[in-house]
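Some structures to go through are shown next.
In the two assemblies presented below, chain A is common to both, partnered first by chain B and then by chain C.
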Partner chain A sequence: MTDTATATVPPAPEAKPALPGVQVDPANGKPSLRRFLGDAANLFKGMGVTFRYIRKPSRVVTREYPENRDTLKFPERFRGQVIMPHDENGDHTCTACTLCEKACPNGSISILTTKNIASKRVLGAFVYRLSSCTLCNLCIEACPFDAIHMGPGFEMATYSRDPLDLILNKKEGR
Partner chain B sequence: MKAYAVNHPIGDIVRSLLPAPWAAIANGALAVAVIAGLVTVSAIFLIWLERKVCAHFQARLGPTRVGPFGLLQPIADAIKLLMKENLRPRGVDNLAYFMAPLLPITGSFLVLAVMPFDHNLQVVDLQAGVVYVVAVSGLGILGILIGGWGSNNKYSLLGSMRSGAQLFSYELSMVLCLLLIVMASGSASLREIVLSQQGTVADWWIFKLPVAGFLAFFLFMISSTAELNRGPLDLSEAESELTGGFHTEYTGISFSMFFLAEFVNMFASAGLGATFFLGGFLAPQFGIGPVDYALAAVPGVIWFFLKTYFLIFLYMWFRWTFPRLRIDHLLSLEWKFLLPVSMANLLLAATLVTFKLIIP
Partner chain C sequence: MATEQGYALPPGFSLRETRADGSQEYFLNMGPQHPSTHGVLKLVVRLDGETVIEVVPHLGFIHRAIEKMGENETFVQYIHLTDRMDYLSSHINNLCVCLAIEKAMGIGVPERGEYIRVMVSELQRIQSHLLWWGAFGMDLGAVSAFLYGFKEREKITALFEELCGARLTMNFFRPGGSNADVPENFLARVKEILEELKFSLDEFEVLLTKNPIIRERTLGVGALSRERAINYGCSGPVGRASGIDFDVRKHDPYSVYDRFQFDVPLGKNGDCYDRYMVRMQEMRESIRILAQAMAGFPEGQYRSKEKASYKVPAGSYYANVETARGLYATYMVSDNSFKPYRIKSRSPNFSNLSAINEMSRGGKIADLVAILSTLDLIIPDIDR
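Right after this comes the complex of A and B.
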């Protein structure tokens, strides 16, 4: 039945090929001089925009990287390598809950725990393997204590794999 | 066709040193060397300029590393292209494939030979200079067509046929615009056309013919953009559709000849625009005594290059601002819009010339 139903639909009227640049008025389908002139004016508007760019070199967005290394500005949500912020006493907020380790799809994080004097389970070493990390941000989202962040580090090239195995915490425990 | 020598001091020195036939040969060789140098240097400079200007239109910096302001970047590019192997794909037509890259650059080289750079700085001034210019600029089309045919590649063939259609079409309205100026100035010699624009800025053909002059300039800019295969009318390359069009199969020096020709063509075409519409090598005069005197003291060749580079900047501005046209839109733009308008414009100019309505 659907075949006959579609067959009875009259074909859409063949659109008359308009002259290039001659815009058709959507209301009555006739060429509209006003729209044509408006579009022609738009071309000059575009030229004005590009000329503003060339007139003001301060708007250039290029950053000349190796020279401006000391003054690099990073966007708020930039995803560099994972860091663990430490406060002025050298303390971090990690509780060794291992949620980040479980969230990591690559197994890049290993939480090695230890016991403190009160025989409480605390963080021994936050092992972070940069070599297998894809900077996917899942560990940061999993962390309930805001203990790890995406840092600005992006210069990750090394001559061997050893420097890519990092321990993020500076001291054991909490 | 009468070709008369243009006397330049260097030519006179050569003529005084050597007997007649040898002096002509020596002067010819000097002229060829100068034009060849101009072609090379301007192409290299234009490649740099294009990259810089397009970068700044897009709020980027462009080449900055190689040399001061990246000025040596095109030289590095050229060395890289020269060192590459000149591949010959299987099944190509040897003669067509290797001759094609030479033709476009030959065409623009020959156009520069009649270009009046200054009062006495012109290789040869032909009485039918405009006819000659139109004829030799056709070599570029030939190069593209046989390059696409000889490459034995469907994309090359499609691209070259497309651009052949485009170039043949747009040549019509470009020639009509040039014809208008020939009619108004009463001469087909490029030097005479420049000299017919003597006086103030208002005597340049773009302003001297009311309405028709500016319209002709406008149409000339559009159709020469198409002739140059530059965006927004760069349908023959069409990287996104045809993987580069006619020069898909070319590498190394063959490719760089096409690439170079594109830029030399732009220089030649902008030079023609400056000669026909903006007074060529004549200094702009505003009718204010001291200002005119100061402007006229600058050599004409500098004015020629300033005007030419102004037009080149316009070409670059178009290219990096406007979106590209589709091939059928492109052709109907020419046949249904530009050609009728330029014919009507020719008629208008003929009326103006007949009834002496040219602004004095």
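Right after this comes the complex of A and C.
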């Protein structure tokens, strides 16, 4: 195959012989009324499937998506976006070990560290760029402290890029 | 070069001279935004009236350099990129990379892990064929078929969502097994899906297989002989419809496929109808495999002990699998580091597409749509 249409004009293809159609008897190649009626019956059988669904609406599975937004259920393992759960005191369990940063294939995670009052290295900001995230789950698997999870939700459209750069921790330190 | 109408043709393009009656050949661009090309594929079609003389596919609209990106990522990170090649066989693509890594590092897979792999792969094959069935109906003008196909596929996608949290880009298999065990109700759900699927497949036969319009548009259309199919490297349902008795699951078994009884459906003429029938029969064979896997589903671990790091010893490694579209292979070269030196994917769609000129030559444009549909192309897999 050439990468553009060939410079040399290809020979005109030979006309293909007429193929035996469906309404033609395959034995002798002549039109057959029996075959025609059989085909018509098959068309109506196909229509019958549609009518069966009309008679039994309980088998219809349509879901009204934007209207049922409040009742949507997400499976436990659903991979929406990375979230960092906080307990009732507003604390998280991240120790800024940067394993998730290393596991990320796209560089979507940056761990910025700082020092607390005891000059211990703690988490400053967990920068998460949703715009470059492929939701592959590798950071969650890498985390030894269960500090990050995959949350529900899939409606991520925004009007600009800024809302997609997130800082997941609510406060510095541990 | 300017034509009589004054339109200039791009360099490299030429048309036969205008005939005495004033008729002329012409070029037509089909795609990249055509609904029946199933993605961003552009076909330059040389036409004489409505008869196709030559079809030249133009690729590269969705090229993302996945193989080059793979060189900058670790072996485990590379797995999730293969989701984005053939996105309807993402589990099976992931499996291929895992098999190559396992071969390189000598990682074993526990019994349960192997069974999970086989079951998930077969479910993936069924859902891919269901989507193809719906799209095929829609391409040939039966919009309701699309809804019937998607209705069945949705059940399997919902199961995958519970299994690994994603519906398309799974990233579920890891070297040594999978990244999670199956949910508790997995087997019951699969059983339920298969029961409903058997009923639906019978419905599908009534809706499309026996439909005279579909038969008329596919019987004898786009025939590809066995020899030509081998020359083009066609594999999967396209090759099997032409009579190539080759299925990686059967002839080079990976995972635990050698334990299951199943047949490889073959076609005779290699036309659109044969490709259709091969896929319909493959779904039933997948159901057979799943029933056997469910009967012997073992207890135990789903993954062998995870390694601290996946440093692949120097050398080159090859693994191949049968995706829903044919032979998918990964060839990786490692220089004893955490990242591959070079990684190459052999995608089935590229080879299958290359036969399109031969298939559609001499037919009509409407036949070209039927041929494109039964080739079941995934464009991101061609471009990568």
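Heads up, the rule we're going with is that the second predicted complex is superposed on the first by the 111 of 174 C-alpha atoms of A that agree within 3 Å, B and C clash if a C-alpha of one lies under 4 Å from a C-alpha of the other, contacts with A are read in each partner's own complex, and residues count from 1 in each chain.
Basically, a residue touches a chain if its C-beta (ideal position, glycine included) is under 8 Å from a C-beta of that chain, and two chains touch if they have at least 3 such contacts.
Since we're looking at a predicted model, the values are computed, not measured.
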Contacts of A:146 with chain B and chain C, given as first, second, both or neither: neither
Winner by number of chain A residues touched, once chain B and chain C are compared: C
Partner chain(s) touched by A:91 [first = chain B, second = chain C, both, neither]: neither
Partner chain(s) touched by A:155 [first = chain B, second = chain C, both, neither]: neither
Which of chain B and chain C A:51 touches, first, second, both or neither: first
Touching partner for A:64 - first (chain B), second (chain C), both, neither: first
Partner chain in contact with A:43 - chain B first, chain C second, else both or neither: both
Chain B/chain C common contact set on chain A: 19-21, 43, 46, 49-50, 61
Residues of chain C touching chain A in the complex: 10, 12-16, 27, 44, 46, 48, 51, 53-54, 56-57, 73, 76-77, 80-81, 144, 151, 154, 161-166, 169, 171, 179-180, 203, 206-208, 210-213, 215-216, 219-220, 354, 357, 361-363
Chain B partner contacts - residues on chain A that touch it in the complex: 17, 19-21, 43, 46-47, 49-51, 53-54, 57, 59-62, 64
Residues of chain B that touch chain A when the two form their complex: 53, 55-61, 64, 317-318, 320-322, 325, 329-330, 332-333, 336-337
Touching residues (chain side chain A, partner chain C) in the complex: 1-10, 12-16, 19-23, 39-40, 42-43, 45-46, 48-50, 61, 75-79, 103, 105, 134-138, 141, 150
